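Here's a structure for you.
Chains: A, B, C, D, E and F, in written order; residue numbering restarts at 1 for each.
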Amino acid sequence: MNHLPILPVLIPMAGAAVSLMVERRRFGAGVRRLVAWLSMAALAAVVAMLVADAARGQVGTYLLGDWPARLGIALVADRLSVWMVAVTTLLAAASLLYACSGWDRRAPHFHALFQFQLMGLNGAFLTGDLFNLFVFFEVMLIASYGLLLSGGRGLGMRNGFHYVVFNVTASSLFLIALGLLYGLLGTLNMAELAVRISQLPAANVALVKAAIGLLLVVFCAKAALLPLYLWLPDTYARAPAAVAALFAVMTKVGLYAVLRVSTLLLGAGAGALAGYGQSWLLVLGAATLIVAALGVLGSARLPVMIGYLVVWSAATLFVAFALGEPGTVGAGLYYLAHSCFTTAALFLIAGLIRRRHGSADQDDSLAAALPGRTWPGVLFLIAGVAVAGLPPLTGFLGKAALLAATPPSQVGLVWSTVLVSSLMVIIGVSRAGVRLFWQAPARLEEAGPVRTAPARPVATIAATVLLGYVVAMSVFAQPLLVYTDATARQLQDTAGYVDHLRGLAPARRQP
Amino acid sequence: MELALATAIGVLTAVAVYLMLRARSFDVILGLTFLSYATNLLIFAGGRPVVGKAPIIVEGMPADLAHYTDPLPQALVLTAIVISFAMTAVSIVLAMRSRADNGGDHVDAHDAAPEEARSNPGGGGR
Amino acid sequence: MRRWLPSPSLSVALLVFWLLLNHSASPGQVLLGAALALAIPLLARRMDHEHCPTGSLRGVPRLAVVFAWDIIRSNLIVAAQVLGPESRIRPGFVWVPLDIGNLRGITVLASMISLTPGTLSVVLTDDRRHLLVHALHLDDADALVRQIKTRYETPLMEVFP
Amino acid sequence: MPQTLDLLLALPFVMAAAVAAAHRLPRTVIAWIAALAPLLGLVLLGAMTPAILDGQVLHSRHLWLPRIGLEFTLRLDGFAWMFAMLVLAIGALVIMYARYYLSRNDSLPRLLAFLLLFMGAMLGVVISGNLLLLSVFWELTSLTSFLLIGFWSHRQDAREGARMALVITGGGGLALLGGVLLIGRIVGSYDLDAVLAAGDALRASPLYPWALSLVLGGIFTKSAQFPLHFWLPQAMAAPTPVSAYLHSATMVKAGVFLLARLHPALAGTDLFFYTVCTIGALTLLVGAWNAIFEHDLKGLLAYSTISHLGLITMLFGLGTPMAVVAGVFHILNHAIFKCSLFMAAGIIDHETGTRDIRKLGGLRRLMPFTSALAIIASLSMAGIPLLNGFLSKEMFFAAAIETDAPLPMRIFTGITALLAGVLGVAYSLRFVYESFFGDGPRGLDTLPHEPPRWMKIPVEVLVVLCVAVGIVPALTVAPFLHAGAGAILGSAMPDYSLAVWHGLNWPLAMSIAGILGGVLLYFGLARLLNLHAVVTRAIGRDLFTYNLELLFVAGSRITRALANGSLQRTLLWLVLSALLVMALPLLLDPGTALAWNGGWRTPMQWPGWVLWLLMLVPALTALRLYRHRLLAVACIGGTGLAVSLSFVFLSAPDLALTQLMVEMVTLVLLLLAMNYLPERSPRETGLPRRLRDGAIALVAGSVVGALAWAMMLRPHDTIAVEMLQRSLPQAWGHNVVNVILVDFRGFDTFGEITVFAIAGLVVHALLRRARMAPERHFDGPPVDLSMPANLMQVLAPMVAATSIYLYLRGHNAPGGGFIAGLVLAVPLLIQYVLQGARSVESRLGFDFIRTIGIGVVLALASGAASMLFGAPFLTSGHLQLQLPLIGELELPSAMAFDTGVYLVVFGAAMLMLSMMGTIKGSRTRKTQRGVVDSSGRSAFTGEEPV
Amino acid sequence: MNTTALLDMTVTGALGVACLALLLCLWRLVFGPTVSDRILALDTLSVTAIAVLMLWGMQLDSTVYFEAALVIAMLGFGSTVVLSKFVLRRDIVE
Amino acid sequence: MNAAIDLVLIALLVAGSIFILVGALGLVKLSDVFARLHAPTKSSTLGVGCVLLASVGYHLLQGEGLQLRELLITVFLFITAPISAHLIGKAALALLPGHQPAPPPGDD
């Protein structure tokens, strides 16, 4: 029995439970951190094994409760899922490192919530059941509420309320979609759904379209596609740096779901539903690119700007996934990891700067520099280069791969929006960098001495680690793209997925 | 019966949507509560409404949809109820905190009522 | 004994309750019920608001009969009052002075007053010396007070000294 | 050889790191470390020279990202070799110069590290053998130049210049990327050899115009061509070594380098000819004209550079082999004289403290040696014979009039060339005359004198080169030119002679006319108008700045207009999007989507309609009364009850139980929260808005209702039948819903209790230290509820027993851990209400968080237990025990899981309720709105009457 | 007339009466006029609902409704307690 | 025998429905808040008690065994009804200060 696919869910859950048990005062912060890091290490080890398996083309599956996939819930660790889990784990390690520079002691239940969040993310990526996906979405979301709000105050609460209400509404829509899908198709297992959709009677097509359209709306809402991105910049901007960094992967869950649904349920074999909604996603993705780039230009505060960068990179991914070619999807998946790491790094750098500035209100507005800015400046430069898609880092490579693979019919739309918005982002990011690190500290002199705190080394290391990922991803772009290309091809092989899952026999029960 | 259930879902949805678009946090939460009713009924309807055939196996009776209702939507709704309750709880607490910290319960704070504007924002919490 | 079995009557009631609930008197259920009947009062005792001693239970059967009869009788009266023209009823409040000091006793008394239609106990003063009763049809306040005190309060004082 | 190429490219980057690492060492040492890069590089290049001069093309190939055709291919041919020489040699000189130029206050290591990074990027551009790789280095030059221009970041002009340069050249880089990708599409490869060989295919492709425009976009921005030339003067805010290096010798040449590089592939069409020639010519004239009126020494040189870049561009546009040779030659010459001029200007600035031509004058008396050097270089710039500038300008004249273009174009190019000569002489004259001759200097603090010896050496070297090339070109520059131009032209290499004297011909005539015209123009202008008083405005720059600001303003306006942080708007969009996707398929195909199918399938018994009313009437009442929150909450209670009853009615007892419990707890939470919220919602202004929302709500209701209805009319084909069949024999449970919850889909429940647990934690975290003032409070002591509390003491044990009962029976009858957990919480909750929080908590010291933890661990452990037996997580087992006395006892392992659920639910529910019930009052603030006046309360809303 | 049939008819009739009672309670819930009336209506609704459930159980010969009735009996009063306490003191847990 | 039980059950059911109806009617019909309180809290409780008793008998009659546990619901109802009534009465009194009677006569 190979238990690997479920461990990325169970390990953080156990970590969370143990974290709760050691929350009492007599256990120090050290014990809590030890628990968190042990869990993280175990998770990393498991993920490494999963990656090794997936890279060999092996699809890890797990029949929970030993029921056949159609009856119970099956986990599927295919290339895509493993890629997402791996990205999450890497990101989480850096984010946890940053949090260990102090935030974890200020936010109640931080470690438990953090582990729960990982559990939700990993579960969402691994599950092969649509309702189970919903459940893990909720685990992830509610943990994110906790991480976002724990230790917070003031306007953050109102913002948190927005975030929660928006997500609860989206989740309700998710449920409506699931209810309709089950009512029409009689199953929730994704492979079974794919089969039943491919044999859909004509009378049900419109209804299933409505349900799947709703599903896509929900995912797009989580992934911040126009016009549903409005919640993101403020929310992310208000999050503590470590949390915002982890949130970088949250929009990607929505994207993951879009990709999964559109390849599995709306793939070439889906009959009347083949390719449903793809053109809309493409156009909206392109529009989001521009709007988000305008947001980057128009933000007066660094974290808000980074929030728009998140939206912008998500929009790039929408374009990549909506194009649907193996080349673009492969490039998109590479870009997805890049986007997680760079935006997360930027959030951490914003945190470093905030700490440097010390004062509470103007902390992260795009102005004022302070002495000793070299290292954050260097980090910001690298992250800015990466995020804006300047060579030689991942942003450039991913984007070049995407543009190179764009099918001729869409070149006009895609290239123009991607390149123009890139230029806008370069302008915005360079302005931010100039103002943050070069601008003469005129206002500071007026304001008198500002209480500053030196950046904690651990926090700086965390940001550096993330940029280390980015550099490594640039150097090893080829093997990574080979992996993501293979992922894209695997995704196109819907029949393979379906047959594999349906043919899977329980260990001890009758199939 | 289908019509009754469908109209009930529709009316609850409409009430929910109207309330959700209100400007006060509490009203929005009420809207979410109604939305969760509507949602739950809709999922439940996916199993097709049947009277008096609870899915509790009686030995000797054939286990099919002629004798029992579809149990799966029920399990799904159960999960959904619980999750939506958890979310409601969090939003309620947030509404309280937001009101205490920001001096108003308007969700967007465009037009806090005069008496709310008077109270000192920024205090409260912690 | 008191330490491990704080309230024998509660334990017995729980055991009966359990067996009724499970609709079974198999040894397993009896054992389980007994375990619960021992465990739950131990927990419940920690929640006790105030200890109320129980006295002689001799008067209970008689009281129960009187009470049951009162319920049925007054229900019929109330039904008539409700269905009849409203002008005929004159609702009103009356303070019932209490002699019983045991809180449990007062509670049971108030409950009995409430359960018998036509009367409703609304307020207990802080000093627990007066109970405000609302009557659906208040002819003779003194008679009502007297009736309550003799039919219910006196027997109850025996049960809850 | 491949390794040599790699090493050549790696050197600057490595040394940049070394310089950064060695930043504490003395400045001279650092300068030497930095200089090692170009010096060693020159040695390496020298080692490769024989092969290059032999006509070989050296390659070094590494894989980087072959997936997209991006390979790390380095390619050194004659042209690249020539350019690399230029980059390295001048780089070495600039480093030496910078050592003495930079003041003590500035960080030399930083400047040198940036310079070396730039040098590496520039080398990369030059020796890339793959167009994608080239665009990588291309953008790197933009980036490093950004850092270099902004070196004096405390100066606003430096910051703005840097940003402007980055925006324009970076944007051009994106265009170039697009062009390169298009070329790759046409050719099928980015390999330079392949691209250069595929010129015909390229030019024939329908994508050619696009590819060409995009590539030219990159080239023109980089080489500061009109109309985006203005960034270059703005970039003069950089330290002078930077200007000398980047803005005369190297980076701006990257554009023309690429133009030359791709010449074989792209040139040869009318489009190319007209575009490039015209742009080049315009740039030439605009730059030269502006140079005349510039007062800043470096600004003048910058405009002159623009003009010369235009000249070179025009040459490559002309496209004849001769023109190409001339272009390559002028690249070299311009680099040499312009670099020395910049350095001289830097020395002047260094010594006098100003670069304003109006303050200078007569410097030849104060610093004769430097003046002499600068004058020679200026004469070269003006194209005076015996200097290198003359040679290439002569070739330019020849090329300009010897094209095969139609006559009007030839006239245009000829006149442009002549004007170029005139204007070039004029601004050179201004530079020389107003700096070194005449009166002055005016208003300086210190008396200028010759700079340190070492600062002059680089200028001397360059000026000597000017003269040497000008006099004996064949002995000096010929091999470079031959190698460089030969690599571009290949077999089309024309015969040309590098001689000072070619006899009397048109070019010579033009030269003479140019010189005379230039002298006349300058003195004419100087007489006609006071040159010092001319105020120049760079319209392009202003326009750009204005537009950029406009972009920022537009960005922030649009963003604020879209994302104004309003929840109402966010939700509105979400709802509208959802409605759209749900309604559209129905509207597009209403016939099949909403087919009637013969009416309702199942007739409804009349109690159903009663429930229907019971459900909807309170809902609509709540809608009517929602502003009176208490009443709305009471109405919700009615709807909730009706929903639960409907679940019972429709064969879902478990659901009904859960709904009831959750209702109850929700009610309590809402009421607890209402203490801290305003008691009612204010009246809404704005009827249109309410009407709009009402309409949306109606549509939403209809759409969702219609979908639900249509769904129910379809045949039902579900996998749940198998669950019904397998529930009892394989999962040992009669209650299939519970079996699904703890077995078939136990993983969902797993997530669900996690959600519940987290909700408890979140509530705890949010309220743990929160101090809040209630909206209003009542005076006096708490109300005495000892009577109900006393009754509760009787009731609570029974409720607890019921909870255990529901938990134990769950697998076979309605119930289960979740319901039981909430049932257990209820009596406790009621005790809280009746007795007060302090009273309960003093008696019941319970750590709910730990309960949650234990519950989670239990659920986890019970699920994982099966893993010990080699079965997957959550596989249920079944234990049938024959116990004495008790008899047969069935213990499905799912029970243990359910226990975890029980604990988590109880713990989390209690955690939430107790946290909300025990909020501490704010210390700093009394209640928000004061004390409730009991006598003024409304019986209708429970609160203050309005 | 067969008493069993009569019994079944009575059950149906009683169900009708109970449903009518539900609607009457609903009337009070909707039209109040006072808060206490609404709380009272809610309480009466839940009590009546128990009767409806039992009658239903009789009509369908099923006992699965027992648990629901039990829970309503326990909780209907819980709602009443908290609502009344809110009206009394605003702060339901003092 | 069965017929006798039937008749008893019918009687119980009739009585139960009457009490339930009276309770509900009282709730709607009476004009005084406190008067309204009387009807449902007690009549309905008794009515439901009757129905529960009938239900026990009915299931016994159907051969489903003696389901005494339904009596437990009655027990619950009889314990909780006074609490409910008491609290609603208190609330009504608090909201309608005009109805407040004079304070109790002084201690004597």
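We take it that a residue touches a chain if its C-beta (ideal position, glycine included) is under 8 Å from a C-beta of that chain, and two chains touch if they have at least 3 such contacts.
In this text the structure is predicted, and so the values were computed from the model without any measurement.
Separation of chain A from chain E in touch steps, taking the shortest path, is 2. Across the two candidate interfaces, A-D and A-B, the one carrying more C-beta contacts is A-D. In this assembly, D is the chain whose CA centroid lies farthest from the centroid of chain F.
Comparing the centres of all chains, each the average of its CA atoms, the largest separation from chain E belongs to D. Taking each chain's centre as the average of its CA atoms, chain C and chain D sit 74 Å apart. Taking each chain's centre as the mean of its C-alpha atoms, chain B lies 32 Å from chain F. Averaging C-alpha coordinates per chain places the centre of chain C 22 Å away from that of chain E.
Between chain A and chain F the centroid-to-centroid distance comes to 57 Å (mean Cα coordinates, whole Å).
In chain F, the residues touching two or more other chains are 18, 25, 33, 37, 41, 45, 67, 69, 72, 76, 79-83, 86-87, 90, 92, 94-96. Within chain D, the positions touching two or more other chains are listed as 565-567, 571, 575, 633, 649, 653, 672, 674, 704, 708, 711-712, 716, 718-720, 723, 744-745, 748, 751-752, 755, 758-759, 762, 766, 783, 785, 787-788, 791, 794, 798, 802, 813-814, 916, 939, 942. Of all residues in chain A, those touching 2 or more other chains are 131, 135, 138, 142, 145, 149, 161-162, 165, 169, 176, 179-180, 182-184, listed in ascending order. Contacts between chains, counted with the stated touch criterion, involve the pairs A-B, A-D, B-D, B-E, C-D, C-F, D-E, D-F, E-F.
Within the complex, the chain C residues that touch chain F are 17, 20-23, 71-72, 75, 78-79, 82-83, 86, 89, 91, 93-95, 97, 110-111, 114-118, 120-123, 125, 127, 129-130, 132, 134, 136. Across the complex, chain B is touched by residues 60, 62, 64 of chain E. Residues 51-52, 54, 56 of chain B touch chain E in their complex.
Those residues of chain F lying in contact with chain E across their complex are 2-3, 6-7, 9-10, 13-14, 16-18, 20-21, 23-25, 27-28, 33, 36-37, 40-41, 44-45, 47-48, 51-52, 54-55, 58-59, 62, 64, 67, 69-70, 72-73, 76-77, 80-81, 83-84, 87-88, 90-92, 94-96.
Of all residues in chain C, those touching chain D in their complex are 10, 13-14, 17-18, 21-22, 26-28, 31, 36, 40-41, 43-44, 46-50, 52, 103-104, 106-107, 110-111, 124, 126.
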